[in-house]
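Each chain gets a letter, A, B and C, in the order it is written, and its residues are counted from 1.
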Amino acid sequence: MQNNPYLPLPVRIKRITSENVARDLKTFDLVFINEQDRKKFKYTCGQFALISVLGAGESPIGIASSPMDEGFIQFTVKRYPTGVVTTALYNLSEGDTIGVRGPYGNGFPMKDLEGGNIVIVGGGFALTTLRSLTKYIIHEKNRAHYGNITILVAAREPGEMLYKYDLEEWSKRDDLKLIRTVDKETENWTGKTGFAATVLKEIAPSSENAYAIVCGPIVMIRTCIAVLLQLGFPANRIISSLEMRMKCGIGKCGRCNIGPVYVCKDGPVFSYEQLQRLPDEY
Amino acid sequence: MRFFKIEKSKMVGLAKRLSETHAVFIPARADQGYLRFCKLDFRSEKQNVESIETLSFWGYRNTIIPPKEVFFPQTEVLFTFSEQMPELSVAIQPLPTVILGIRPCDARAINFLDKVFINKDTQANIENGAGNFNDPYYAEKRGRSVIISLACNNPQSTCFCTSLGGSPDGEAGADIILFDLHENLIARPVSKKGEEFIGEFRDWFKEPGEKELNKKNELVAASRDRMRPIEGILNAEAKLDNLFADFLWNEIHMKCLGCGICTYLCPTCHCFDITDEVRNKRGRRLRCWDSCMFPSFTLHASGHNPRPTYRERMRQRIMHKFNYCPKNFREIFCVGCGRCVRNCPVNLDIREIICRILETKNAK
Amino acid sequence: MDEIEREIRGTVRKLFEDNRIGLFIGYIKGSLPLRTTPGFINGLAGIETLVWNSFCRNNLTVYLPRFFAPDPRRKEAKLPSIGVLVKGCDSRSLVNLINENQIPRENLCIIGVNCAGLVDESKIQDSMGEARMNEIIEVDEEKDGIMIIDEEKHRMKFKKEDVLADVCLNCKYPTPVLYDILVGGKASQKHLSVRKDDRVESFEKKNIEERWKYFQEQVSKCIRCYACRQACPNCYCKLCFAEQTKPKWVGTGNDISDIMFYQIGRIFHQAGRCVDCGACVRACPVNIDLRIFTSKLVKDVKELFDYEAGLSLEEVPPLANFKPEDTQGFITEP
């Protein structure tokens, strides 16, 4: 059958990294088994793919690696007790084979981001596609295209923060400003304490020639957007990424729509201006 | 504008001949009317007799289950797998398809489903990642199909195709349209495929006489006359733009039971689910019909549900059909076939809902 | 009939005037000739739309659990006071729901109506002889029967007892078993002497292969629309076993084994609870003969446990109870 978008491509799990103290978040490094699949899988930051565990089902997960990474793709998956697929994924080991199909979605507006400053605000588990974005823009081949980069990472507690290894690296760089904050600090915590929106207000990044990208729990997104608007960011320069229950990922099964747009096909990345025009059903 | 004629008794012979090289689907009789479109199988004696009965189209209004299931079956195996490798995708119907006796409303609905499932720009879209994909399971069946529709002599009171741009003798979606003159059928090829089909089976058809063509025109006029169009449905999209938060949804949903009858019997509804099934070491990935009226349709693994009650789900159904699909596909996804009206267990009538919407004053 | 209708309207009016209820669930005119439809009246304005006739088939109690389900989003802490119109069979559903703690008795105002049986429109259709594929355009319920006019202007009259719904043929409780106010005087018990529905008895005489074959034939039409489940007042589970994913008890497609598992599962979950109201049969769009199975179940429960569901607020359902004399034949020696 020609060009069957429902067919997952086989990948092997090369490495599994446990991301948090609660041990329900894992990052999977995947390698395509077939070379031609790897070549065809060209993605941009902010896109997602449907991870397939044959026998359990599929799950839409944002791509955490950046397009600059060669030879492998990464996904960070949270295990939900009610989730059939995420639980099955959680129980897999390095060397196991699963399936991937994609990339789907519109991704972040990379062309629009060029030449300007970027403010990235990521909360909890939603940091995953923002990591893809960050790794891309700070890559030596790309850094020059972007201006000032401010990154605010929020988590409930220090142990729950994702990608600690990346955050360490980034904190040492002088071409970006990284602020980490937790709701509840523990001993030895050297970062800030407070909700993302509060800290965002404190840092007050400049809205001049800048885009802001906010991802996280819905409450966090709402409060941070309020702060960004106050700081002068126009609605069409505030970007967010939404989640929805998905099945086909290609805009056919009718499940993930918000009004007339499908989150899988027309999103998951939307500007605040676009969100304002959509019905409040997410 | 060429017309042909074929006696109904000869039509049975043609259907039999076709069933040797095609998968022929006709509306199948059951105890209480016509249930669904079934594949003709002249090998069984029982089927033989039934087919002859069916192809007389006596008492035929429409099937309960719409013909969308020929191209979009309720359960479809996407692929099978063992261990962790998907095997070759499942072979679809080896024979080309003929749907015989589909009503103009349902034929028009197939056109709408084509817009959802078929998209020829697949290559470009694979490179861009976003955009419209082609559904090969639907497309391959549809690509090798001939739709022979049957114009309606007897629209029911629950039919409202003319309110939505259709007609009892509408040609949208058909390759050939037939007109029922009781002993004979008048056939008119509507598309290139239809022309080719008649050409291939030219010997089965005769030229109709003027009397017969006049009779056909009379029947068509009488049918159109019987329709009682609901004014203004085509304005529903614009009206609904401002009604998302309106109070009317709080009332409309109240008697809805939350079953899937309206969606499953609707010829344009196309929502589906994808699930895996495993037995021993072999499994398959299935695509099954699903309904936005079911509570777990949009239920997230986290427990959050953007449409938690009947109110939101009813609103989604109406908005999807009369507002979102017009925006995405430039068509209202309702063809006025009346199945939801006839079969809803609590007589929730979509025509009444539309009228209510059209009468609602926009709140600011 | 008109009298009862007036009585209902008068009663409901008084309930609203006395502020005893905030909402009344009854029947109003349907959009098709042989139908009524559930009506939700929340004030005096809607009273005149209430109707009562031989087409009031829906079991309205199915809507009640919705209003009392625990809901953190509910703004008012107080539960609503709801009035509902029930026939005999519906009242038994009500008793069941109250016994199973789905609705609080004190928040209900139950208007029971003495029911003289309901008409099955498909029986009318089937009795129209040559015209049986014609659409019925007008219906008039008269003292001596149902008068219909079809689309070809044929007028036909049917005696009500000839076109009664199957569930009504064996009805033992035409007077509601639970009510606050009873309307409808003494119901015409005439239909109780009409030919009985003895299909269960003749079904039981078939051997097991025949019965299984019949079951398969019937449920092979099923399209998993779940109308039977949604129409049944007893099916109020938040997550039906047929839709659970962890574990996945039954597949979602129309595989015959999945369909059979769903149907058998759902029907047997009614053991000791089904009141044979016929809501499931009425709802099914593909006319599966569900009643042969539910009525057999009801018969079995009566024989095994001497129990009929939905008769009294004091009773305990047999599957939630144990009596020393219960049959133990199914317990095998290890």
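The rule we apply is simple: a residue touches a chain if its C-beta (ideal position, glycine included) is under 8 Å from a C-beta of that chain, and two chains touch if they have at least 3 such contacts.
Not measured: the values here are computed from a predicted model.
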* **Innermost chain, where centres are averages of C-alpha coordinates** => B
* Asked: Compared with chain B, which chain's mean CA position is the farthest off?
  -> A
* To do: Could you please state the distance in Å, as a whole number, between where the Cα atoms of chain A are centred and where those of chain C are centred?
  => 51
* To do: Report the inter-chain centroid distance for chain A and chain B in whole angstrom, where each centroid is the mean of the CA atoms.
  => 39
* Asked: Just how far, in Å, is the C-alpha centre of chain C from the one of chain B?
  -> 31
* Shared-contact residues (touching 2 or more other chains) in chain A -> 82
* To do: Return the residues of chain C touching two or more other chains; collapse runs of consecutive numbers into ranges.
  => 248
* To do: Could you list which residues of chain B touch at least two other chains?
  => 273, 275, 290
* Structure fact -> The residues of chain C that touch chain B in their complex are 30-32, 35-40, 58, 62-63, 66, 73, 122, 125-126, 132-133, 135, 137, 151, 221, 223-227, 229-231, 239, 243, 248, 251-255, 279, 282-283, 285-287
* Interfacial residue positions of chain B with respect to chain C in the complex -> 30-33, 35, 58-61, 64-65, 74-75, 154, 156-158, 251, 254-255, 257-261, 264-265, 273, 275, 277, 286, 288-291, 294, 296, 308, 310, 341-343, 345-349, 351-352
* Asked: Inside the complex, what are the residues of chain A that reach chain C?
  -> 82, 84, 87
* **Parts of chain C lying in touch with chain A, wherever the complex brings them together** => 245-246, 248
* To do: Over in the complex, which chain A residues touch chain B? Could you list them?
  => 1-8, 10, 40, 42-44, 47, 54-58, 80, 82-83, 86, 96-99, 102-107, 243-245, 247-248, 250-260, 265-266, 279-282
